[in-house]
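We just call them A, B, C and D in the order they show up, numbering each chain from 1.
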Amino acid sequence: MFTPQKKERLGDKLYGQILQQIVSGVLREGDRLPSENQMCQSFNVSRPVVRQALVRLQADGLVASRQGAGTFVQKRPPEGLTRFAEPSDVSEMLRCLELRMAVESQAAALAALRRTSSELKDIENALSAIEAEMKTGNLPVSADFAFHYAVAAASGNVLFPQVLQTLNDLIERGMTVALSLTREGTPERARRVFDEHYAIFQAIERRDVQSAELAMRYHLDRLRQRVTDSHRDR
Amino acid sequence: MFTPQKKERLGDKLYGQILQQIVSGVLREGDRLPSENQMCQSFNVSRPVVRQALVRLQADGLVASRQGAGTFVQKRPPEGLTRFAEPSDVSEMLRCLELRMAVESQAAALAALRRTSSELKDIENALSAIEAEMKTGNLPVSADFAFHYAVAAASGNVLFPQVLQTLNDLIERGMTVALSLTREGTPERARRVFDEHYAIFQAIERRDVQSAELAMRYHLDRLRQRVTDSHRDR
Amino acid sequence: MFTPQKKERLGDKLYGQILQQIVSGVLREGDRLPSENQMCQSFNVSRPVVRQALVRLQADGLVASRQGAGTFVQKRPPEGLTRFAEPSDVSEMLRCLELRMAVESQAAALAALRRTSSELKDIENALSAIEAEMKTGNLPVSADFAFHYAVAAASGNVLFPQVLQTLNDLIERGMTVALSLTREGTPERARRVFDEHYAIFQAIERRDVQSAELAMRYHLDRLRQRVTDSHRDR
Amino acid sequence: MFTPQKKERLGDKLYGQILQQIVSGVLREGDRLPSENQMCQSFNVSRPVVRQALVRLQADGLVASRQGAGTFVQKRPPEGLTRFAEPSDVSEMLRCLELRMAVESQAAALAALRRTSSELKDIENALSAIEAEMKTGNLPVSADFAFHYAVAAASGNVLFPQVLQTLNDLIERGMTVALSLTREGTPERARRVFDEHYAIFQAIERRDVQSAELAMRYHLDRLRQRVTDSHRDR
């Protein structure tokens, strides 16, 4: 269902090319991007495709445009971003994260309100699986998806887990990148990622609607920062 | 993609039967519902099906359960709700509204941030179509869907309109009920419905992120109240 | 306690002078404001005072600055704004509204959660008083304050009404302007203002936390728009 | 200005006495509190005073009431809570935190939007002072207050820092408790507290409105949990 159309696909490809240049250091923080016209020519794409790429690069905080002055590189993502993912996939992964932010924060709030004991148990089991996988050094991709799915399923609204199911492939690709970056990082960083999941579980356990929404939103926001900003996590 | 499974379908049917009894006055505000056991027997369904129906009746504010004392009718929806919709469809329509609340409020915020002039024009055209249809006494169902779709499309994230597209049928059925209730109501009520759409447009026009999110959220919250509470709109 | 310091007072005075020029049409939508240097000279104030005025004019949406190009008039408030209020008071009134937005939306959510029957009765009484005053053509300033105070008092946290009490004078001055503009407007507009209060009451009555927060936030957001934008309400 | 009145003072005293019994283990998780009547008699206070104490114990998540069945102990705060604070002060400290949540999350969002370079520098300096104090083993109470004050001051609305100033004494007493609990905890816990402040600073630095609001809200929510729930932080 959720398949990108042609404009998106070409825009995503161009996004990936510019991303690659930022990650590799060809374009540095503060550098100005070529003009829209120049990009149309040098990448041989139409103006809507260039705009599509620029809107997303800006949405993801990688570039910023200043009225009249052009578009400038704003921050440099960790180099692992283009090593663990196809550069042309990154734009779609971040669009997906933007939708997840809206859907899953509301799902977490509803889960705190309506979850049954057995739904809570499902969330807890997925949390334990994440911890176990992390200890063995595996990437807990399917455990991570299972965790988020279990929270959505506890919302008492079957449409929430259905949206996640539809995005399954895209979500797991994003998790693979984020968890790969985490595995390469410090033990503290891995701990933080686990803590964020634990905080979501705890808030749903004690039926704290506000905390549950907040903890989910915070987790996804940090996730976004981890994959887009190399200065982010120490 | 988003098709309800068996437990949901049976739960939705039972939901519809109880809803019918509340709307028709067989069950009145304050009345206690039969116990879960009794419902299993008299409707010949399993306990998970009964629970599914009760979770949603409670989510939609039609009943409330008091620990140890049972489940009681909380409010009576307008009788048009079961006249303009199949009673067994209502539960799914309200689940859909819950998801829309999450998705569309975020889409409106992003639209205020990123919309282009031509995307704004699409929103404005849909708004004019709603107004024109209302004047002729038609139900502006497809104009209403076009409005919400245009806002989602202006979010700069193709996944937002795609979610709406996937839910198209369900959303339009919900709009048919709400707009039919509105057409039967006072001119003031119709005016209010139009005003809510106008406020969303205006906030996106002046790039006011906070107002846009708020106006969309408010609109969908009022919509939910209009279809579930007969005392709601005067 | 909350008395503006010297920088604020001078900035507010300058804000009022620029506001006056926008309202009277000396400065029109799209016009560029003089540079910071020019303003320092022509108004004989220091640069921090000019900045203080510009930050607030921008915060209130009256001007917008474009990097490298200067600061431009963005929208024109209704002329009643400077007729019903001292121009040099307007900045402070809008700062106050910004704080109220944060404090009162949370207070409304907590009131929905914790209000007692007698606290609900206080809110309802204030609502009736607003309606009665509106009918006689009086400005319901003290009834309006009483309504907002009663909501804050129902939050189960005495600090919320105490903040409103501290801001009492400032809030009532803001209400006087907004209600005077409303009294001059169409009957529909007065109706809308009443409806917004009624929606807050109803959500608190049925203990709907999400709706209560939303209804309060929406009301204060519309209020802000009514006093700052002459195109706003028809 | 913000001085509790008699009902609050007596309610806070009773709150402190019940809190003491929960912390010391006289009342255990799951135990039922005496009835309102019994409390009136045994503590020799009026019913509104008992209600005031119960509303707040429930608001703070320490007890929960089940309709018809009474009020039960819900969770046990860390024993440091009554060692580092006067038990009769705890209720007021938590009320203050509830107001801070509303005010400071909005202030952080506005700071991300409007902060100047010198205001950002003030936030960074306070952050460095927190880190330095933590390293020497001192309680960074005034650096912590300075950090939150600097964020509020960067909001471009002088009322936000003024509210914090008014609550200065209460806020610092709360910080003393929380930071004392942190100092007794694991190094990881201290790290987490610092990280939360760092995340707020970073979001304001890169002008990310959504992240800044979220990071402040998350920090204050965790703070609340740390002081009210002994199971909270490992």
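A few points about this structure:
Definition applied: contacts are C-beta pairs under 8 Å (C-beta built on N, C-alpha and C of every residue); 3 or more make two chains touch, one makes a residue touch a chain.
Not measured: the values here are computed from a predicted model.
Mostly identical positions are employed by chain A and chain D in their mutual contact, as over half of the interface residue numbers are shared between these two copies. Greatest centre-to-centre distance from chain C is found for A, with centres as Cα means. Centroids of chain C and chain D (each the mean of its C-alpha atoms) stand 29 Å apart.
For the pair chain A and chain D, the distance between mean C-alpha positions equals 31 Å.
Distance between chain centres (mean CA atoms), chain B to chain D: 38 Å. Touching of two or more other chains is recorded for no residue of chain C.
In terms of which chains touch, the assembly is arranged so that all chains touch all other chains. Remark: chain C residues 66-69, 209 touch chain A in the complex.
Those residues of chain D lying in contact with chain A across their complex are 61, 75, 188, 191-192, 195, 199, 202, 206, 208, 210-211, 214-215, 217-218, 221-222, 225, 232. Taken in their complex, chain B has these residues touching chain A: 1-2, 4-5, 8, 51, 55-56, 59, 95-96, 98-99, 101-103, 105-107, 110, 114, 116, 156-160, 162-163, 166-167.
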